[in-house]
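To keep things simple, chains are lettered A, B and C as they appear, and every chain counts its residues starting from 1.
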Amino acid sequence: MTPAAPAIRVQNVSQTYGAAGDPRRVVALGGASLEIARGEMVCLVGPSGCGKSTLLNLIGGLATPESGNIWIDGEPVRGPQPQKVAFVFQESALFPWRTIQENVELGMEFQGVPVSERASRARESLATAGLSAFASHYPRQLSGGMKQRAQLARALALRTGILLMDEPFAALDEQTRMVFGEELSLLLANAGKTIVLVTHSLTEAVFLADRVAVFSARPGRIKQIVSVDEEHPRRQSFMTSPKLAQLRNELYDLLHDEIRSTMNLPAAEPGQ
Amino acid sequence: MNSRVTQRLVQAAFVASIALLWHFATASGRVAPLLLPPMPAVGHELSALAADADFWPDLRTTLFELVMAFLLAAAAGTAAGYAVSRTRYAVRTFEPLMAGMYAVPAILLFPLYVLFFGLGPGSKIAIGATIAFFPVALSTITGLSGVNRLYLTAARSMGASSGQTFRLVMLPAALPAILAGLRIGANAAFMAILGAETIASFAGLGHRIVSMAESMDTAKMFANIVLAMSVAAMINIAVSAAEKRGWKHEQA
Amino acid sequence: MSRPEPAVARLAVIALLLGIWEVAARAFGNPLFICPPSRVVAAFAALFRDADVVEAVYYTSFEILVAFVIAVVIGFALGLAVGLHRFTRGAMYPVILLLYAMPQVTILPLFVVVFGIGAVSKIAFGVSHGVFPMIMTVAAGAQSIEPILLRSARSMGANRMQVLRYVVFPHLVPSFFAGMRLAMTAVLLGVLVAELYVSQAGVGRFTSAFTQTFQPANLFALIGVLAALAITLNELCRRAELRFSRWCAG
């Protein structure tokens, strides 16, 4: 591993679903490129269906790109890399027949971590996620936000350098998301992980990210990258600051026409 | 008044009125005891069953047939279900075939089985196993091929081997469906065996009921019917209890 | 190289099984007990030149249809009663569940004692099988009507009959056909079991005759016809269900 290599490097990656000639064939990604430094937090925003989840799955090695290359720590991606990359999925991917503690331990079980270490690591990350009191509950006894925290705890317990999160807060209400965002920001500042997070909330993107990558409409490419120059952990005061508002408006302007074009609406006249 | 209590009362009244109707119909002599024996006579016969020397061997025969048929169907059904669910192509090829066969009343095969296996327990085991095989196999396929894709993706992202994925993800996810299939199979096998004994046999509960019907010994016949029903109820209770035990997370 | 369509593969599997049967029966089978499919086909033609056998198949079909109609009508009425009224449901549902869970085959001899060995006992036994799935499905369907639909109908001034006609019945169409399919499967089982047990004029007479006189070819052929009958009736009900399940009342 070369120390200079970025944590994640995506070079001209394309992905298509459906065979050639199939009327349902969809070009999900059309040559996306992106570099993410170690310890950086990048948010992906873009119109629905532009290939954000697809890109995340490709980075995590859950699928192979049709063309283009992806490197993690300078090594090409050839499949899932549970030692380096952990996922938090949009819907709850907790196993309903296992308690929260057992769910958090499962990844370690897959990777052959000894039993005693599993338990202590699971307790630790459950504490980080504020779920210590719910270790022996089953997923369906938890609220939506708690389930997402449990998924986060499971990902953290794997102690990977990279965390990929696909709309982890989509199911939560606005207020909970904001509070959760603050917690996450704190956590990130302490853990020093490299994080890629897909979100639909521009406020959330600006609040959390070091850089926000804006996707074009399908076939997705990265249209522009907006930097957010602000120290972690970020506080509530940043949430209401003019700086955040200004950056959010900038993102909105970038996305506006892309979203219109996905809905087959004519692009708005400037200055209208 | 509480409507729950009223409902219970109505149920009790319903059962009581059937009992009363039964009692008066037989006591008044309006219904021939040949068709409907008096209740006390049935009660008496029921208590006499335990002492009946022929009863235990018959019960043992039926239970033996049931256990054998169920074990055969459970083993073959889960194995076939597993094999078919391995690829989507196999599911699309075999699942409709099996579902189609399941819709045919398999008891039709019984005369053939009598021809092959004779009138003894062999033909009963075969028909019970045949009938129980389909629900077990079909629900194994449904269970294993219907596992939420997200669970599989999550397991893969955490580095699960294919063995671990099967043991720790597919199997627990499919278990409710498989257990439901086993429960349906156990019940279907019991019905099929009783039916087969009723249609043609030398021994077993079904055979007892028929021979009592033929000798017009209706009180005894009713006692045996009550007994067969309690065996069926016990199978249901046992299997449901087994099903619930595996599903702590569903109840809490 | 691409795989054949699943339907083609399925036919190939069936053909393969028939082939194995043919070979195995010719090579190892005792002709008293088993016969190859080719001889079954031959027996089939001969069998259906026998007017008595044709008559028996008609007779059994008649029993099935009558039992089916009765089961559907009674089951629908009871299902509505159970599904629509909380009180009737509380009072009757447990009793119906209890009856449904009973092994009905045990009372088959009783049916014969009460209704005789003619068509009536077969029909009654078929009804006793078919009525329960119908009740259950219709009741479940009736219970799943969104209360908001009933409330909005009433708010627009619908009377009881209009609520039934414009809200309840349209909503019940899919359940009705689903129940019919399950009822058909159950009625087939009931009638055929009763036929196999004792029969004067139906197919049961011939199945036992062929078994006792060791005529496997005839037995296979007759059973094949009955299976085909069952498949056809089931398929008709399944098609009807598929067609009407697309119906959307909501």
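One rule holds in what follows: contacts are C-beta pairs under 8 Å (C-beta built on N, C-alpha and C of every residue); 3 or more make two chains touch, one makes a residue touch a chain.
Model, not experiment: these values are computed from the prediction.
Q: To reach chain C from chain B by way of touching chains, what is the minimum number of steps?
A: Tracing touching chains, the least step count from chain B to chain C comes to 1.
Q: Quick one: most central chain, C-alpha centroids?
A: B
Q: State, to the nearest whole Å, the distance from the C-alpha centre of chain B to the C-alpha centre of chain C.
A: Comparing mean C-alpha positions, chain C is 18 Å from chain B.
Q: Could you tell me the distance, in whole angstrom, between the mean C-alpha positions of chain A and chain C?
A: It comes to 53 Å between the two C-alpha centres.
Q: What is the distance in Å between the mean C-alpha positions of chain A and chain B?
A: One centre to the other, that is 50 Å.
Q: Residues touching two or more other chains, restricted to chain C: which are they?
A: none
Q: What does chain C use to touch chain B in their complex?
A: Listed in rising order, the residues of chain C that touch chain B are 3, 6, 9-10, 13-14, 33-34, 86-87, 90-92, 94-95, 101-110, 112-114, 185, 188-189, 192-193, 196-197, 207-208, 210-211, 214, 216, 219-220, 223, 226-227, 230-231, 234, 238.
Q: Would you tell me which residues of chain B are touching chain A in their complex?
A: Of all residues in chain B, those touching chain A are 150-151, 153-161, 164, 168-169, 172-173, 175, 247-249, 252.
Q: Across the complex, what residues on chain B touch chain C?
A: Touch residues, chain B against chain C: 3-4, 6-7, 10-11, 14-15, 34-35, 89, 92-94, 96-97, 100, 103-105, 107-112, 114-116, 190-191, 194-195, 198-200, 205-206, 209-210, 212-214, 216, 218, 221, 224-225, 228-229, 232-233, 236.
Q: Which residues of chain A touch chain B once you look at their complex with the stated criterion?
A: Its residues touching chain B are 60, 62, 80, 82-83, 85-87, 89, 91, 93, 95-99, 106-107, 109-111, 137-141, 154, 158.
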